[in-house]
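Okay, so subunit A shows up in both of these, paired with subunit B first and subunit C after.
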Partner chain A sequence: MKYDTIIIGGGLSGLVSGICCQKSGRKTAIISAGQSALHFWSGSFELLCRKGDREVIDRPLSLVDSLSGQHPYRKLGAERTAALLSRVAPLLAEAGINVAGSLERNHYRLTPLGFLKPAWLTLDDYFMLSDPEELKGKRYAIVNILSYLDFYPRFQAYGLGEHGARTVTADVNIPELDILRKSTTEMRATNISRFLTDAAVDRLAKAVNDASKGTDAVIMPAVLGMFSDGPVRRLRSQVERPVYFVATTPASVPGVRCQLALRDYFIRLGGTFMPGDTVVKGERERHRLRRVFTTNFGDMPLEADSFVISTGSFFGHGLVATLESIHEPALGLDLYAPEGREKWYDKDFYAAQPYMGYGVTTDAGFRPAIKGETIENLYATGALLAGFNALKEGSGAGITLATALHAADKITSAL
Partner chain B sequence: MKNVNARKEYDVIVIGGGATGAGTARDCAMRGLSTILIERLDFTAGASGRNHGLLHSGARYAHTDPESAAECIRENIILKRVARHCVEETRGLFVTLPEDGLDYQNAFVDDCRRAGIDAELLEPAEAIRLEPAVNPDIIGAVKVPDGSIDPFRLVTANVLAAQLNGADVLTYHEVTGFVKDGTRICGVELKSRRNGERSTVYGKVVINACGIWGHHVAELAGVKIAMYPAKGSLLIFGHRVNHMVLNRCRKPGDADILVPGDTISVIGTTSTRIPFDEIDRMEVTTGEVDLLLREGVKLSPMLAWTRVLRAYAGVRPLVASDHDPSGRSISRGIVCLDHETRDGLSGFITITGGKLMTYRLMAQDATDMACRKLGVDRPCRTAEVPLPGSEPDARDEERKAHIIELSTEMKAAEGRHGSWTGKIAAGNDADDALVCECEQVSVAECNYAIEELHVNNLINLRRRTRLGMGTCQGELCACRGAGILERHHKCTKRALDDLASFMAERWHGMYPVCWGETLVEAQFTSWLYQGVCGLEKEPPRHEEEMNS
Partner chain C sequence: MMTLQQQNISDNNFESCIKCTICTVYCPVTAVNPDYPGPKQAGPDGERYRLKKPVFYDEALKYCLNCKRCEVACPNNVKIGDIIQSARIKYAKGKPSLRDTMLANTDFMGNMATRMAPLVNFTLGLRPVKYLLDRTMKIDDRRTFPRYASQRFESWFGRHAAASQDSYPHTVSYFHGCYVNYNYPQLGKDLVKVLNALGVGVHLLDGEKCCGVAKIANRCVDEATRDAHTNMKAIREATARGDETVATSSTCCFTLRDEYPHVLRVDNHDVRDHIMLATRLIYRLIDEGKAKVAFRPDYRKRVAYHVPCHMEKLGWTIYSTSLLKMIPGLEFIPLDSHCCGIAGTYGFKKEYYDYSQAIGEPLFRQIRESGCDFVACDCETCKWQIEMSTGVPVENPVSVLAAALDIAKTRELNGVAAIPAVE
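Then we have the complex of A and B:
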């Protein structure tokens, strides 16, 4: 099988590259093993939220020049990064995902445990603030679904209370959910979302109205609308106060919705999405990758003129650690990852873990190498890249999106 | 903690909430002595919670120490009766590998039989049929009545039994000194680990049952016991590889026992002398992990591709003979010291040495000595009376008659609480919901543990219910558990701090084995707790220790 571009990895990065390639008229295939970091999404994308111990709010991109030379933002430069990232919100909107936020100034999101953390873009129906000062004197009803264990109203009430907000917490129930409780493992976000449609949403809205009397706004777990945002809009139209959602612990219903929306948009554009498949090796001709082989297609190669690899970090199995060493399993790309597993970790769970910074090394144009030889038609993007600690910096989504768009630009401009 | 009256004089103060201390408190209380059990941290926070969980048949010692072997098999038979809900009768194999040679096995079967251990020589093919996970290259095999025992359940049951017989219990109270009247001990000075408050408890006899920490406690009383801490490291595999306990049939050595327990298998141990300043912060080294894997794979080749879930280390209290000041002559047997005759300090007993297997016998020895001092003449009944949870259960017969099949979560709870499972009040569907899916722990079981089993924090809850011990290592259930604890304790700040500490504690056992899927899980957990949830650092002080 022959494509113009093959993208290895179907997470946020791969989908965004794929959409851009397909939009420019290239016949594109995405090979996806199935997991996506969106499945445990906070509802927010982060660009750069911390420098050292300091939280960054204003003009996060002004810090790009102070990052290390191997950092993806530094390779792109502040200007290019800004240009790439300014395309993100419109592109998401095309796919039906509406976000709010700006490159100039981070806002705050509310975490499931009640902390306020900086963020760049947040789903527009989520709880967000430009300044914690806005909380002073506000009255919120934090409304959970009875016996749903992955949302923490009391922690959030405590966190908001620290900033001067007043809160009430309540559990609500609707009869449609009783059937889920009959099984001990079914009261989970994605299951609940399947039951919260149509008349069930109307009943839920009524219960929320009753529970939130006398407050300014309602905070709820993001458990509505796995396949479309219809239930979210239906609920918001019937609740008498503004309703804002806060992330639950996994799985993330809006995360699944976004992943599906991007996938469907890619397919609508004519792209080929191959779910549940894994690249096991590639074949080169001189300095170009010619074809890849996958688990499902066996000895039938998938060929393309250009390739993107966006298989993620350890969690996405883009990197694999054995007892002795770390490798990139699909193509055997060169890595930054020292041997000797004692070097990989810090004993303090909350310290910057060295392994978080490991990944594929590239040239300035994000082209990786195999045994020192740069592959000219292959781009590496997203969490697979070396040179940054996405968790400590709060930079994962920004890097993922910027490098994905950059790779697509390189590929499509080479036409 | 309830029912503690500081001005009351107890007959016996037992220090140490491990198996020996809890067992001693139970024995004392059952003999009618007014008793208080005092623990510095939580039950099973020391060596009792950090071992193989092996119900020894005694075969391991049959050749080197026939006396210990005979002790073990007697206790083995007793525990299968009185602690049946803590025991799984897996049976065990002693297998001979080509590199070991058959010499040891030839004498081994006779040694076992002399000690009263039912050892049966098997053809290798028969052994492989019984235990398909065993190395197929074995050249000999002997079947013995080994089993597995859950030390968390065992200690909890002993504490419950002590309380049922009138004993008081104090956790998170550290002994900081002794109250003396001349050459007689008449009480202990305590400091709360939770709020720093100081208090005094009076008693006629004080029993030091603190394992290796007893060295320091004895020093506080002004007596010297030559103890040596020996660290033993172990690895937990992510699922149950073997059905039967697998032992190397050779002289006891490193990594020669693979024990199945609940849903996992444990390989161990190593043995290294460590200095006293390390006993509260033991680490499993890379070298130990490599050694345990290398040797473990010889017992069961499957271990080479089985996920390692966690590493941990316990510390054995080795006690030097009183007649050997050099400390070279180490006893692994039970040491029960009467400090009145030994040191001229009356009202003070130390019970140490021994093994988890012989905790009941150790408790009996210490209680016998306390009774003699108090002039009480009542027989020990701990070998006859079942522990709470192991009583005959009327429902057993009914179930047999009607072939009632329990759900997996009911089976899991029954495994943990035995015949006391009925106390878990599942009043409604919401309470049946699972908090920890790996270990099948429900909301109701958490509530029961928090209300009845001395649970202050998530680590306590883990020890009582196994919450967070499964393959995800607390990734999804720790938050839920924190939410439930918050509802009981009504202090959000404390619950958040506790959650942050709990995740740090889980990591402590993961980083020594952080490759493969364990690293994947660790990265996911970090993303979730630090990224999505925003937990950023461990609180400066936590009531629980940092230990694997």
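Then we have the complex of A and C:
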């Protein structure tokens, strides 16, 4: 089986690279081992939200030059990073995902625990602010679904109250959801969303209207619209006040929607998506990767002219830690990950954990190496890369998207 | 020596579950049946409790289709479907009912029915008979039964095909399964026709039994295990004589490769790589230039391809679709990968019939709206379900190839024109 480009990894990074390669007319396949981290998505993408202990709001990209030399943004440079990331919102819109935000200035999102945190892009039906000052004197109704346990209105009320907003909290119910309560452990966002369609949304809208009288806007958990945004639009059109959503505990309803929208767009463009398969080995000819072997395809490898690897970090199994060492299991790529388990972590749980910075090392063009030899037709992208701490910096999505677009550019311009 | 980490992994790795609920998002049963606890709770969550005390077994696990879409979705590679099936086998109370035993024994029933096929087909089509089966046995009277053939595939093969097969330069062994043998020998004949034209002779396996998928689903595990050992012996013999074993049913193929070791605990590691779908073998022959194909210039069809659940799990959709796309006059329409709902014998049972149809409805709608001439699909029970629910005919990709190939020319291209072709 021969392709122009094979992408190993079917999450945000792999899908974005795949869409760009396929759009440029290259025959592209994505090999995806299980569903991706998008299912844990907050509804916001971060670009660069913290520098040391300082929160970053204005001109986040102006800090790129102060990052370490191995940092992916530094490798791309501020200008190139900005050019790449300016393409993200239009590309997501093509797939049917509408986001708001700017590269010039971070906005604030509302976290599930009620804090305001910086973000770069946020789903346009989510709660976002350019300045916490806007909250002063505003009245919000924070409306939860009765007995839904993964959203905490009182945390939201406390957090918004700290910034001068006035809030009321309410639980609403509609009879369609009673059936789910047979097992309270299954009152999960994704399960609830299955029942919130058609007439159930109309009934929910009525309950939300009753609960939010006298307020300026409604804040709700993101439990609507898993397979399309139809229920979200239906609810918003019937509630008398603006409705804004806040992320819930996983699995994330908008995350599922985003994953499926990107996957479907890739397939509509003519791409081949191979779910539930794992790359176990690569074969090289000199400095080029020629073919990859997978669990399902057995002794019939998949060949391509160029490859992208975007298998994620430890959580996505792009990196695997044993008791003794850390390795990249698909191709055996060179890593920055020192031997000796005691070096991997800091006993202070809240410190910047060293292992968060581990990953695949690359040349300036994001091409990784095997035993010191750079692979000329392979690009590594996203969380698999070494040199940054996504959690501490608030930079994961920006790096994922910038490197994915960069890899696709390199591949498509090499035609 | 195993590392500490390896020692902490159970056979079905339920402890790798991180409770993310992603499996439940993609479960076709959860979407229509709130009484089903969903794969996370039925599988790894429930397993923790069941290991403590069997009393925690929940009879609602019977609603699982065994489609394995949970396993395809799982980010941590937990064998969720295997955990659920193994739990049903181990903990479900009571013996399988007479109905379930009958539905499970596709080979015994097929053997009986083909002896008087016209009578059986006529009788099973009668309203009063269906009414009676519905009321007495709880086989839903809205279900259309697959028709039985008068002549079994094995008999046809012995009489018309067997003699010439060793004249071909290569051979494979064919696991035809119950459906080809008792219901639809034409698919088997089509496979012989196509493979012969590509220069490949076909053997049958010695004493082939049902793959066992229906017996596993209906908890007739002892019989399934016995049959599995018989099949593995035959497949080992085939492998020893240099034959790959091919199947035309994605579910038979999946069962032989994965359910044997994972659910029945029948070891197959030595020959597993030699068991494959016929479309994989055919694709490989063409791709590697070992066989050439010539298509009929007058073939014109609009074909929608449906991905059966076990095909999704095998990960081999691309072989069947690539072959279909090779056909010059074929307009290819991909369908969303979505369970059709029948799950073998599940959709025949009165208590599941409505769920079965509700699960398949989005697929049926897409097929009706596609304007296709027919649906192509590698699974026989999907075929029954789609034909009954949409009125659109369904063909196995191997039969599509048999119709689209210029057989005489293809035989010539592969240097086997001199061997007498099977009629």
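Just so it is clear, the second predicted complex is superposed on the first by the 414 of 415 C-alpha atoms of A that agree within 3 Å, B and C clash if a C-alpha of one lies under 4 Å from a C-alpha of the other, contacts with A are read in each partner's own complex, and residues count from 1 in each chain.
Just so it is clear, a contact is a pair of C-beta atoms (placed from the backbone, for glycine too) under 8 Å apart; a residue touches a chain by one contact, two chains touch by 3 or more.
Please read all numbers here as calculations on a predicted model, not as lab measurements.
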>> Under the stated touch criterion, which partner chain does A:300 make contact with: subunit B (first), subunit C (second), both, or neither?
In response: second
>> Output check: A:36 vs subunit B and subunit C. Expected answer is one of first, second, both, neither. What do you get?
In response: second
>> Contacts for A:323 in the overlay, against subunit B (first) and subunit C (second): which applies, first, second, both or neither?
In response: both
> What is the contact status of A:275 with respect to subunit B (first) and subunit C (second): first, second, both, or neither?
Replying inline: second
> In the superposed arrangement, which partner chain does A:336 touch: subunit B (first), subunit C (second), both, or neither?
Replying inline: neither
> Is A:250 contacted by the first partner subunit B, the second partner subunit C, both or neither?
Replying inline: both
> Between subunit B (first) and subunit C (second), which does A:191 come into contact with in this model arrangement: first, second, both, or neither?
Replying inline: second
> So, does A:149 touch the first partner subunit B, the second partner subunit C, both, or neither?
Replying inline: first
> Which chain makes contact with more of the residues of subunit A, subunit B or else subunit C?
Replying inline: B
>> I'd like to know which partner A:182 touches here: subunit B for first, subunit C for second, both or neither.
In response: both
>> Taking the stated contact definition, name every residue in subunit A that is touched by subunit B in one complex and by subunit C in the other, in rising order.
In response: 37, 40, 182, 185, 250, 317, 322-323
> Which positions of subunit A touch subunit C when the two form their complex?
Replying inline: 1, 33-37, 39-40, 179-180, 182-183, 185-186, 188, 190-191, 194, 226, 250-251, 256, 267, 272, 274-278, 294-300, 316-317, 322-323
> For subunit B, which residues are in contact with subunit A within the complex?
Replying inline: 283, 286, 290, 293, 407, 409, 429-430, 432-435, 437, 442-443, 476, 479-480, 482-483, 486-487, 492-493, 495-496, 499-500, 503-504, 506-508, 511, 514-516, 519-520, 523-524, 526-528, 530-538
>> Help me check something: in the complex, which residues belonging to subunit A touch subunit B?
In response: 37, 40-42, 111-115, 117, 146-147, 149-150, 152, 154-155, 157-158, 178, 181-182, 184-185, 187, 247, 249-250, 313-315, 317, 320-323, 341-342, 344-345, 347-350, 353, 355-356, 391, 394, 396
> Which residues of subunit C touch subunit A in the complex?
Replying inline: 3-5, 20-22, 24-26, 30-31, 34-35, 37-38, 41, 45, 71-77, 273, 280, 284, 287, 312-316, 318, 322, 334, 337
